[in-house]
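Order as written gives the chain letters A, B, C, D and E; numbering starts at 1 within each chain.
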Amino acid sequence: MSAATTTAPAGPASRTGRRRRRDLVLWISCVVLAALVLAAVAAWLTGFAGSATQTAGGRLEVPSAAFPLGTDNLGRSVLPRLLEGIATTLALSLVAVACSAVVSTVAGMLAGSFAGAVSETVMRIVDVLYAFPALVLAILVSALVGPGHLAAIASITLITIPLMTRMVRMATMRVVSRDYVVSARISGVRTGRIFVRHLLPNIAGTIAVQASYALSVAILVEGGLSFLGYGVQVPDASLGLLVQEGMLYLTRAPWLLLAPGATLVVSILCVNLIGDSLRDRFEPRETRSLT
Amino acid sequence: ASDGGAASSEEAAPGFLAVADPESGAGGELVVQVDYDTAEASGLDPQGAAAARAWMIEGLVYETLTTIDENLAVRPGLATSWEQPSETEYVFTLDPEATFSNGRAMTPDDVVGSLRRLIDNPAVWTGQLGPVTAVEATGADQVTVTLAEPYEPFLAALANTPAAVLPMAEIEAGEIDPAAEMLGTGPLVAADHRQDEYWVFVPNEHHPAAADLGFSSLRLEIVADEATRVAGLRDGSADVALLNAVDSADLLTDDADVEVVHQQNTDFHYLIVNSLSGDPALQDEDVRFAINAAIDRDGINDLVMAGVSAATGVTPVPLPDACAVDDLPSSSASIEDARAVIDEHGGLELDLLIYDSEAVLADIAQVIQQNLAEIGVTVEIATYDYATYSSRVYAAPADFDLALSWFSGYADPAMVTGWWNPRLAGFSAGYNHGSEELDALIAAGASTPAGSQRAGVFADLCVQADTESETIPLVLRPTIIGYRGDTVSPTLYSNEGYGDFLRMLTEFHAAE
Amino acid sequence: MSALEIDDVAVEFATESGPVRALDGASLTVRPGSSVAIVGESGSGKSTLASLIGRLQPGNARIVRGSVHVDGRDVAQLDTRALRELRRTMLGSVPQDPIESLDPTLRIGRQLQLVLRLAGKDSGVPARRALLEGVRIDDPDRVLRLHPHEVSGGMAQRIAIAIAMCRSPRILVADEPTAALDAQVREDVIRLMFEQARATGTTIVWLSHDLPTVARWCDEVAVMYAGRIVEHGPAAEVLGSPVHPYTRALAAADPTRVRQGERLASIGGGPPVLHAEADGCAFAPRCAFADDACSAGRPGPSTLRGRVHLCRRAEALERLEVSS
Amino acid sequence: MTPIVELDDVTVVFRSGRGARRREVAAMRNVSLQVAPGETLGLVGESGSGKSTTSAVVLGLQPVTEGRVRFDGAPLDRRLRSRAGRVQAVQQHPQWALDPRMRVIDSVLEPLQVIARGRPENQRRALAMLSDVGLPESFATRRPHELSGGQRQRVAIARALVTNPSFIVFDEAVSALDVSVQAQILNLILDLQAEHGFASLFISHDLAAVRYVSHRVAVMRHGSIVEVAETSVFYQSPSHPYSQMLFQELHS
Amino acid sequence: MQTALWTLRRVGVSVLTLLGVSILIFASVRLMPGDYADLALGPLASDAQRQEALAEAGLEQPVVAQFGQWLLGVVTGDLGHSYVSDVSVGEELARRLPVTATIAVAAIVLTVLLGLPLGLATALRSTRRGGGAGGRLLSAFGISVPEFVLGGLVVFLVSSTAIGLSVGGYRPPGEDLAAFARSLLLPTLVLAVACSAVTARNTRDAVLNVLVEPHIAASVARGESPGFIVRHHIVRNAMPPVLTLLATIVATLLGGTVIVETIFNVPGIGAYLVTALGRRDYLVVQAVVLLAAIVFIVANLVVDLVATALDPRLRAARIAA
C-alpha cells in the first residue's frame, strides 16, 4: 500500500473469497470450542459432572441410554467424566496461558523498550527457561509442588513463557520505534502511560495470536503431564488423564480412549485454527502467485 | 484367551495355574518382561534385598535351604531334610550335589557363614529369621541352628532369597563382592545386565537341572509401560510378561495364543491410618474403626480387581491358620454407627496418599473415597512419585492422614503380623502406636506351633488389629501373568508368598 | 504498430469493503521507441495500469473490460508459457525500491549471473563486469561481491537498470524508480536509464509524480486521474500549457514553479476512490470549472491542441482564459 | 532576541560493533546553528548527511557527544517532560504518525493532557485545532486507517500545534506525500506559523519545498553544515560548491 | 573476523545460559522431596544405614560444595556415577545417546523430508483458489494429535496386526543392526508426525513471507519460471526462520523422546531420565538435563550461524548489535 493512499480504507486487501473461507474456519472452530465449553459449564452447574466420581453401574459397560458413553473400569459413567475432563483441561490451560500472557507481556514489553541491562537480564532468564527441556521442567515442578492442578498450571506457564516473551519483545521493539511513540515521548507523555496507551493496544494482536498458540501447547502439555502421571490426579478428570486411563481398554471398551482422545484432538485443532485465523487477521499478508 | 477375555484362574492341576508340557518345544530363548528392575542400596547382595523384585531376580541365581510349594507349604531346598530335636533346634541335612556355579561344591561352612553373616549384619530379613542364637556345622552335611525360643515361621523365613546360601569361602577370601557379582548354587548364572533395561541369564552347568532345562537362556526385560508389555505379548516379542492391571487381559482377548492367569499372592494392600501425626480425630479409635467399617473390601475386589482378588485380614487368607474376614468386627459393624461417630466430629476431611508406580492404588483410593464419603469423611487423593510418598509417609513425624501401600505376605502368617508392632517394624513408628495386647498376640502367633491353637491366636490378633484400625488390610494383591501358549510352556503355582512367579523356572519350556 | 496499446481498460480490486475500481476505462497508445510518463496523484491507478502490461496485476484484481496489446499481442490471451516468454524477452522493469527488489541473500554477481543465464547470454564474470560497467559503476569487481544491503540506493538502482536492460527489452516499465533516491543521485540514474533506452530503441513507460523531471526527460505525458488518462500529449506542452483542469491544478501545485513570496495553488479535497464506474467526470467535485453536466455524463476523449483529453469543457475553458 | 534553539559546536558520534570491529560514525561534526523565535530554518542535504540526527538532538532524544544545546536560552534538560508542550515534532511516515488504535481526537488531545490534565476546554481546543488544519469535526472520531496520508499528516500537525509550542521540527514531513497534498500541507504550515508564530526546523531533501517555507536554509554534508544563508540568497547564489551542485537541479 | 567475534559473544552468552541451567537443575532436583537413600533402602532400613548410603553417594556434604564438585567434574568431563547402578553417568550417556540420537536425527530428517516440502507446496498453492487448504488442515491436524495418543494407538495397532513390526525388541546396533533399526522405526515415526506438522506450518509461513517480498515480484516480472524462483530465490530466503524452528524442535525432541521411549521401550536418554528422576538419582538427572540444554544451545548456535551465513542482512544486524 502506498504511503499516501487516499481515503481508501487502509485495511489489508485480500481476496474476499479466501477471507470468507478463513472466517468460516474461524467460526466453526469457535463454535465447536464454545460448544465444548458450554457443555462442560452446564454439566458443572447442574451438578451432572460433579457426582461423576460415584460408581453408577457395572465395570466397562457399553454405551447405552443410561450411560451414553458407557462406563469406566470403576463403573462410573464416562460422559460426566468427559465433561468434567473438558472443563478441567480447558480451565487449567486457560489459567496457565493467562498467567504466562501476563508475565510474558510485562517482561517482553520491558525487554523490548529498554535496551541494555533490563533487556539482557530478561532475555537471559528466558534463555535458561527455554534451554530447559519442557517436559523435565514439568516433571520437576510437579515433584516440587506435588502433582495436581497447581503443578500443571505452573508447568504450562513456565513452558509457554519463553516463546511468548520473545514474540512480545519483538513486537514491542517494532512499536517503540514508531513515530507516534516518539511523538508521545517528545510531548512529555510518561513512560507508564505510553506502555498502557500505545504499546499494549498495538501489541495486543501479537499477544492474542501467541496466546492462542500457547493455549494449544498448554492443552498438549496438560495431556502429556497427566499421561505421565504428573498432572491432574484422580478422581478429578482431565482429557489427558482420561486418555491415559482409557489406553488399557482399547479393545474391550474403546469408548474410554476414543471419547477423550477425539475431544482432545478436536480442542487442540480448534485452538490452532483460531490461532491461524487470528494471525491472518493481525498479520495479514497478500499472497502472490508465481505465474 | 480361552474364556473370552477374563483371565482364567482355573487350575491346570491342583495348586498349579499351568504345568509345563515336557513334550513341548524346548531350547529356545525365554523372554520375560517385568515392569521394573531391582535397585537396592546393597546392590546384588541377596541378604540386603528388601524388595520382592530383588528376591525374584537374585533367586534365579541363589538357592535357599528350604523352599515353598504350590500350597505355600515348606519343602526341602538345599537342605534335603531336617529334624527338629526340640522346639528351638533345627538340624539340616544338606544336598551333597549342591555346587556353586564356579564348580565348587557347597559346604556346611557356606551355610553357617551365610546365616551368621545375615545375623551379624542386621538387614531386613534378619528380623524375619527369628531369635537365632547359634548356627553350627554339626557334620559333613549337617548344620544345626538353635533358637532362643520357639519361632514357628523359621522354616518359611529360610525359604526366601535373603536367607540364600552364599559362597562364603570366596567372599571371605575377597574373591568376589556379593554386592556386585552373583555366585550361587541356583539354576542360572547372570551373563549380562543393564540396569533398568534387561538381564540375561544362562544355565549354571553345575546345577542338577542344567541338563534338562527347557530353554537355552533367559532374557528378563524391563518394560515400564503396561501397554507395551501387553503389546509385547501380542506380537510375540515376549514369552511371559508380568502385568499390573487386572484388565490387561482385556487387551489380549482376541489373541488365541496368549494366556493370562492370576497368581494368588499372600501380598495384600492396606490402608494406613496415621493415628500419631495425622488429623487429630484419627487418634480416636472409634473414628479409625468407623473408617475401617465404612471400607467395603469386597467392593474393592469387585470394582478394582474385577473379582479376582479377595478381602483379607491381618493374616493373608491363602495361608493356613489365617483368620476369616467375615468374622472381623468391622465386617459386621453398621454404616449408620460409623456415620454417627464421624458426625460427632462434624465430618472429617482427610488426605489419602498414594504413589504413582502402582496404577491399582489410584483405583482403590477412589473406591475408598466413595466409601468414606458415605460416612461423611471427605477424602482428597494425592498421588506422588514413590520418593515423595515415602518421604512423607516414613518421615518422623509422618505427614499424611491416610495412605495406601502393600505388604508381602510371605509364607507364614506370623511373618507379616510382626509389622503391626511398630517397635518391631520400625517404619510404622512414625504413624502407628500399636498396643500391648496386640504385641502379645503377635508374639504368641510367632511362637505357637501350627494348628488350631495358632488359628485361635490369629483370629484374636485379627480382631484386635481390626478394632485398633491403625493399619487396615484390604485385599490381596495378585500377580497377573501373561504368557504365549505357542512359544512357552510354563509351570506356575497357584499361590506364591515371595512374589517369585519364576519359582518353577527350571520346568519352563521355551520353543526354539 | 504501437509498442503498447491499452484500450479502455477497467480494473477492479476485490477488497474487504467491496470492490475498488482502480482503472475506469483507461486508454493509452505508445509509439515504439518513445518515452511516455504517466503522472497523477497517489492512488490514481498508475501502478495498476503499468502492471497490466506484463499481466502482473495483483491476484485480487479483475479486468472488467478492455484489452492490453504489447507489440500487437493481446496479453490476456497468452498462456503462462507465452506470458513468461513475453516478460522475459519484451519487458523490462525498473522497480521503485531497487534494494528491496534484489534478492537479499545473494551477492550481486550471482544475481547478475542468474539473469544473464536466463537471458541465454554469456554469464561469466567478464560479462557481469561489463554489465556493471555499462551502467557506469566504478570498481565493478568489488560491487559484484557485495550483498544488496551493502550497496547504496543509487548503486542498487543502477544494478536494477542493468538487470532490466541486459535483455534489451522492447518496453521498459519504470514505476517511480527514483522516489527512494536523493536529488543528486536521482538525476544520474534517470540520465542513465534514458541513455540506455535510446541506445537500444527501447520504449519507456515511466510512472512518476515528479513533474519537473518528467517534463525534462519524456517525450509524452499521460495524466491520470481516478483510473482514467485525462490528458495525453507531448510532455513539454501538456505540463507547460495544460488543457485539462486537473493537469492545470497539478502543475500549479508544484513548488518548483512558484516564485518566492508566491502562494502555492493547492487543490482542495482529495481524489475519490471509485467502487464502480464513475457516472461523470471524476474530477468534477474538485473542479473550479465544473458545471452540473460534468457530473452527469462520462466524458469521452476529445482532441485539443494535439492532445487527447477527457474534459467536456476544455474548449470553453480555453476561450475563458483567452478572454480574461 | 534569544534564539529559541541553539546548537553550539555539537558533535554526535555513533559507535557500533565491539573490539576490532568497532566503528565510529560521526553523524554530526561541530554543528552550530540557531533558530530564532518565529523563524523557519530549512535543513537540506543528501541522505545520511545527519539531518535526522540533528533533529533528534534538538528534540533532546539524542545525547550529544560534544558541544552544547540550549533551548530558550537555558541548557537543554534531558528530561523530555521538562519542556512538555513547548517542543513538538512532525515526522516522516504518515502511516506511523498516529497510533492506529487511537481516535484522531485522542491523538490530538494527548500532548494537551500532559500539560493540563482533564481540563474541560481541552476537548474544545483540540477540535478547534483540527478545524485549523482543515479537518471538519466529523473527523475527530475517525481512526487513522480511515484517513488519507495527507489527512494523517494534518492530524500530526494539529497534534504538534495543539499545545501552542514555540518550536516544531518537521522531519521530512511532506516527502511521502504527492504534489497536490504536499502543496496543501506546505500552505497549512505557512498559515499556521503566521497565526501561532512558532519557530521551526524544516528538514527535507526536497529543495523546492524547503525554499517555499523556510526563512533561512542550512546545507548539511557528511555531518557538517557547509552553508547557512537567507533563502533568497541561497537560491540565487549558493556559495559552497556542494550547495551549488545541489541547487543546479532546481534551476535547470 | 566480525563473525568470529559475534560467535564468540554468542558462545559466551551460551555458557552463561548453561550455568543458569546448571544452577536451576541442581537446585530443583535437590528440592524434590525424598532422596536416593529412602528409595534404595526401603522403609525397613535403619537410620545408620540411611546415613551410610547417603555418605556413599556423597550427599551428606553441604549443597554448595556438592555443586562445586559437580561443576568441576563436568568441566573435567567427569559426570559422576549413578547411585543406583554405580555405572559412570558419562559412559551410560555415551551408550544411550546413539539410541536417542538415532531417533531424534531420523525424526528430524523425516521432518525435513516431509514438513519442508509440504509447507512449501502449501504456501505456493495458497495463491490459488482454495489452494493449500488440504495441506494446512493436514498440518493443523498433525500438530493436534498428541504423541501419547498417537503412540498408544500405534502400539496397539502394530501389536494386533501382522505387519512385521513389533514394539520393543531393542538390540544395540553393534549386536543386531536390523533389530536396532526396526525397534526405533515406530518411535521415530510417531515423533516425526508432530514435528513435520509444525515444520510444515512454519515453512508455509516463512515462504509466504518471502513471497510478498518485492524481489520475488521482480523475478516474476522478469519472466522467471516458478521452479527457478523457488530454487534460487525462495528456498534460501525462507530458510532462516525454518532453521530456527528446527533448532527448537531438536531441543523439544528430548521431551518427545521421553514419551516415545517409554511407550516403545527403547533405552534412550529420555527413558533414562524418567527412571532417574523417580529414583532421585541426582547425578543422572543433572547430566541429562545439562546435555539437553547443551543440545538446545548448540543447535541454536549452529542455526544462528547458518542463518547468518544464509542471510547477510542478519549478519549485518547482528554484528552491529
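Criterion: a contact is a pair of C-beta atoms (placed from the backbone, for glycine too) under 8 Å apart; a residue touches a chain by one contact, two chains touch by 3 or more.
Remember, it's a predicted structure, so these values are computed and weren't measured experimentally.
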If we look at chain A and chain C, which chains touch each of them?
D, E
So which one's got more C-beta contacts, A-B or A-D?
A-D
Which chain's centre, taken as the mean of its Cα atoms, is farthest from the centre of chain D?
B
Using the average of all C-alpha atoms in each chain as its centre, how far is it in Å between chain B and chain D?
88
For the pair chain A and chain D, the C-alpha centroid-to-centroid distance in angstrom is 46
Centre-to-centre distance between chain E and chain C (centres being mean Cα positions), rounded to whole Å:
53
Just how far, in Å, is the C-alpha centre of chain D from the one of chain C?
32
In chain A, the residues touching two or more other chains are 2-7, 9, 11, 17, 143, 247, 250-251, 286-289, 291
Going by the contact rule already set, what residues in chain D reach two or more other chains?
148-151, 177-178, 181
Touching at least two other chains at once: which residues of chain C meet that condition?
41-42, 59, 83-84, 270
Report the residues of chain E in contact with chain B in the complex, numbered from low to high.
32-35, 37-46, 49, 53, 82, 84-87, 152, 155-156, 158-160, 166-169, 262-265, 267, 271-272, 274-275, 277-280
Quick one: in the complex, what on chain D touches chain C?
46-47, 148-151, 177-184, 186-187, 190, 205-209, 211-212, 231-232, 235, 245-246, 249-250, 252
Interfacial residue positions of chain B with respect to chain A in the complex:
5, 226-227, 230, 245, 247-248, 250-251, 253-254, 303-304, 306, 356, 362-363, 365-367, 369-370, 381-385, 388
What residues of chain E sit close enough to touch chain C in their complex?
127, 213-215, 217-225, 228, 232-233, 236-237, 310-313, 316
Under the definition above, what is the set of chain B residues touching chain E in their complex?
39-41, 43, 50-51, 122, 124, 180, 194-197, 221, 223-225, 227-228, 230-232, 234-238, 251, 254-255, 357, 384-394, 425-427
